[in-house]
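Paired with chain B in one complex and with chain C in the other, chain A is shared by the two complexes that follow.
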Partner chain A sequence: MSTSNNKVPVTVLTGFLGSGKTTLLNRILTENHGKRIAVIENEFGEIGIDNALVVSAEEEIFEMNNGCICCTVRGDLIRILGNLMKRRDKFDYILVETTGLADPAPVAQTFFVDDEIQDALELDGIVTLVDTKHVLMHLDSSSECKEQVAFADVILLNKTDLVSEAEIDQLEIRIRSMNAMAKIYRTKDAAIDMESILNIKGFDLEHALAVKPTFLQPDYPFEWAGVFEIDNSHLKITLSEGPDPSMSVSLLNIGEASAEDVTALLDQAVKTFSDKNISLSPGGSIDSTGKLYKLELAQTGSKTFYVKPKKAGKYVLFTQHKPEEFSMTIERNEIEIDAIFSTNYEASHTHDSEVSSVGITSPGDLDEKKFNEWLSKLLREQGTDIFRMKGVLSLAGKSERFVFQGVHMLFDGRPDKPWADEERSNQIVFIGRNLNRKMLVEGFQSCLKKNRQLSIR
Partner chain B sequence: MFSQAKHSSGSGKTREIKEWVRKFASVPEDFAILVTELKCTEPGCPPLETIVALLGSENRKYQQKVHLSIEQIGEIDAKKISEQLQRQLENKEESVERHNEH
Partner chain C sequence: MPQKESSVEHTLAPLPEIWKKITALDYISDVSWSPDGNQIACADASGYVSIIAAKTGYMSLNWHAHKVGTLMARWSHDGKYFASAGQDGKVRIYDGASFEKLSTIDHGGNWVEHIAWHGQRDVILSAAGKQLKLSNADGSLVQNFTDHKSTIADVAWHPVVPDLFATSSYGGARLWTISKHQHKRFLDWKGSLLNISYSPNGKVLAAGCQDGAAHIWLLPSGEDLFMNGYPTKVRELSWDSSSRYLATGGGAEIIVWDFAGKGPSGSKPLVFSGHESFVSVLKFAPQGLRLASGGIDGNVLVWDINKKGKTWLSSDTSEVSGLSWRAEGKLLVASYASGGLALFEIP
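Right, the complex of A and B next:
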């Protein structure tokens, strides 16, 4: 079954040796899904299906460059795909299995460099299998392993029967930190529904960001937030000795004592925590909102501070450390009270230090010329480190969304459906190596027509 | 960058160039022909090139660049590209000589 535009969909299977690629391939070939599948397997493939249309590939790399633009494709794939298309009536789906050490970029780029290939074939998605038992040692030492995770539209955390739930949880956090776009499934013996891996439209512009990126909670400069109702009677905060001789805190106005309202204030709180602090000795008062106070806690014994905002209302107190680390208590009229709503912000220590995802969301319109120049420069200078990107943009003066996606320096974009009544906004996700989040955000911000609040993930 | 967006505008011209190359050069049956445009906006770099590559088994590969877009390539250009590729095929050298004329 080919797609509605009559292009043959292609799924690429990647994964380190022993991750279960061949098991998944054999599973796909034996499932009753009604598709006739042609398989391009790596030269060491072990497909056990006799009547499958199977071709062996040799992973021949062909590099093209022009000035700063460099593009690497798989010469053998181009040849094989060309030959396969002469037998177009024999199959309606193509699977490409790569070797364990393959870099997925040349495979992906093969589908975007030649108009004839682009007209006949459609890269549907990259499915990466991960051996949950052994992947950590590869993730630490192999750039190919990281790239296989980073490029994926779907990641199967396979062999879940060989590790504990807690280990898989930790692994998923790390993998999610690398690739915020991929759908992640946990599998045993590569058992997965076919609709989760085939016809997923991972490179289809019409589905750009149809899969909402899942970003891990960033490392915030605070570990706790608590919402309090404060009337004319102020709050008294008492702290004992803790891990630090001081603790930064900030007070912000809040509408309602809800998780959503606190989340909406996170960017503001982060900004406040980057401001110059006001040193506060015991007995001092936190009386302004939007300021960073440094509570001096070096002296022995319990220390008392007061929260005295100028107006009554609901407030959220962000604290650098968790209250229990300083045995913090809060009293109103000498009676100890709890926050109406509170939440912790755990610092995750399982991020991958090299490969990551950066997402930028912003309402407003982009200056097309500025954005063009910024993105061109970015890809020229860092295209080899930007594995994939996707986005939906609101360009000033244009009534339609602009959707795009890219693999390294290859960029594919076009106008999409018009904006309706909803607020015009931009969303971009980058997945890459050594991404400089601050630089990306500032660069993007400089292209906005008006100064808008950014949401950064 | 939007002007560089690489999406297929139809494979007709690409197919025609490939047919010309097969007509003017003795491309072995097992070789695939790749035709692609690369653009670079950096000052000092060629702004646009079309690469015509012959890709054979055992990693045999020959390529010729021309400073024209795919749409601009005519039969005479294709003939010159093919002649260069033919020389590479005969010499079995991977050459990237440029053909600047139009």
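Right, the complex of A and C next:
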């Protein structure tokens, strides 16, 4: 969707019955008194406010072209919005309320598919209300409920007065695992600042990823980290047969910080793990910090490596796999020791098994042709399961960043402002059903100009 | 779409204007002539109906007919009655000369998007959402047509056979007779049919589609043809009086299909380029081969599709929302999104 200042913004309100849509609608109308607002409602007579034109719409889903689910639109909205936009007294804002059981995709897609609508209107955002008291009953069983959460730009955890803080915390984690892009607010009686829900530019390319995605429990490229005090006597690491013929490791200096302060080094470790690795055969030494070593483990029997930093101090060793997978032991002066502190990094179990977000960030430049082919194939094959995506890309040979966003198979992208002094990098977020993180990352990686490793965030 | 024939060449001449005025308060949704050719009716988005004297362009009467907006305003076949339809879910019937209100047909909360008077009798079809009714001028119900599963996009009386009509919607076209509440025939097509238009001889039914295509059924066989590849949805359809040519919009170019011989199957359509943006309305003259087109660019063009002759042009800054020829085919009224109305005379 191209941006133009005179387009009328449209906000879509979704949420299950009883989540507070009507309360929010009334609040918006009251707080925007004096503005000309049109409300497309799915039922009659729930709101009655003088300054708003209320049009009741019966949801009619039209399949476009070949009848593909990805190209469904709301026929009633095309008709009603098309007609309303002909009026000279233009509206300042349009609100579309969906039924509790609506799939938001056809509503969103309507704004991509019809020329008349595209010329006059701009989908500003999808606001989803969640009844914190009852949502868990639906979240597991209802695909519509999941879709409403997954599609949202803003999620209001409403009716917070009816549940405990701990329950809301749990719910927020669950919802965050499904949708990394949405802004989440906790509300009582749908009380929220208007600027948090209106004119948020959720589908505006200029604002693609302006809201930094939030990933819970990121899947780090390492599964374990251990802190060791290393003096003049080096450490000896012994590994047996494991699941892989090699394992990447990296050593970082933790300085004077407390042993538990590994968290501060995570970003640096992630960066290191995206570097080119140094192959290390058994008997070799890890003697530098901030480098990625690939321990070659193909030969049979136990393999020994040494950790020999140049200076004494506290160090943290990050390993690609869990030490127990290779029956790894660490010895100092022939005595087996444990880490002062160690921690595992594994996928959180609070993830929704079905709907999730996958984010890919990577420095480097993309081969445009390869990327197009990959994305086209991906959308062709899995467009049904990819609800929304957004990204900022660094295309090889282009001085501007490329921004894009999409809903299912409908894709919209264009060059944006030029890269300045900052490092050129790519960032994509997918929200969808049954997303295969590994496959997405590998597919993306194959489009990079220089075959760089990348971090998964 | 089959390969296009090279565009028809044309020389532009200014379209002679008799008068041009702002007559309505808002976007003119519908413009039509009284059967005697003396008056023009406008329905507009502010909810008003205006009656204009054709000779002068002066408004003789206007009234607020519907809350929100008026979508259509039409005289009955002999001008005895007049009807307006609007976004308040109502059809209002008036005396065709005094405009005294006679009756109301209520469709509940749905917008009444289409009305169509019978060609010989004083009965009127009205469509609102999935509801379709045939009513007398006193508002009493003649027939309720019940089996529409999707919103009715358009309604058209059969041009030859009395009491037969067609509707279009998502999923196909339906053929009906007024004596039955269920449709007589269903011509299915998996797509959203925005409009429906019988050829004047009643042998072809044409529909424009949301997904940039036109669909055609040959009657009575029901054999169908599909023309796709239009840049946008096809909202504009018009047949010439001989039933040979079908003009279609769906883009900045006008695509005219020739039904002579075995056509249009396998034939190349005529292409008329002149509009700077999408065409918004197409109307063939009641006789002959003059085609009037209006565009979002504010231009009204009158083409002679038969010969590579003169094309007439009138420009405006506002989108052309409607066109209507007077019965003799010389006078053409154009309505605009601004509420303006212009009368042209084509020599």
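Note that in this section the second predicted complex is superposed on the first by the 311 of 457 C-alpha atoms of A that agree within 3 Å, B and C clash if a C-alpha of one lies under 4 Å from a C-alpha of the other, contacts with A are read in each partner's own complex, and residues count from 1 in each chain.
The rule is short, and it goes like this: a residue touches a chain if its C-beta (ideal position, glycine included) is under 8 Å from a C-beta of that chain, and two chains touch if they have at least 3 such contacts.
Computed from a predicted model, the values in this text were never measured in an experiment.
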item: Room on chain A for both chain B and chain C (clash or fit); value: clash
item: Touching partner for A:112 - first (chain B), second (chain C), both, neither; value: first
item: Touching partner for A:410 - first (chain B), second (chain C), both, neither; value: first
item: Touching partner for A:375 - first (chain B), second (chain C), both, neither; value: first
item: Partner chain in contact with A:402 - chain B first, chain C second, else both or neither; value: first
item: First (chain B), second (chain C), both or neither touched by A:312; value: neither
item: Touched partner set for A:56, first chain B, second chain C, both or neither; value: second
item: Which superposed partner A:64 touches (first chain B, second chain C, both, neither); value: both
item: Contacts of A:75 with chain B and chain C, given as first, second, both or neither; value: both
item: Of chain C and chain B, partner touching more chain A residues; value: B
item: Which superposed partner A:439 touches (first chain B, second chain C, both, neither); value: neither
item: Footprint overlap on chain A, where chain B in one structure and chain C in the other make contact; value: 58, 60, 62, 64-65, 67, 75-76, 78-79, 114-116
item: Chain B residues touching chain A - in the complex, by the definition given at the top; value: 1-11, 13-15, 18, 30-32, 34-36, 38-42, 44-46, 48-49, 51, 53, 55-57, 59, 61, 63, 65, 70
item: In the complex with chain A, residue positions of chain C that touch it; value: 25-27, 29, 45-46, 68-69, 71, 87, 109, 111, 113, 129, 150-151, 153, 170, 190-192, 210-211, 232-233, 278, 321, 337-339
item: Chain A residues touching chain C - in the complex, by the definition given at the top; value: 44, 53, 55-56, 58, 60, 62-65, 67, 75-76, 78-80, 83, 86-89, 114-116
item: Chain B-facing residues of chain A, complex; value: 58, 60, 62, 64-69, 71, 73, 75-76, 78-79, 82, 112-116, 118-120, 205, 368, 371-372, 375-376, 379-380, 402, 404, 410-414
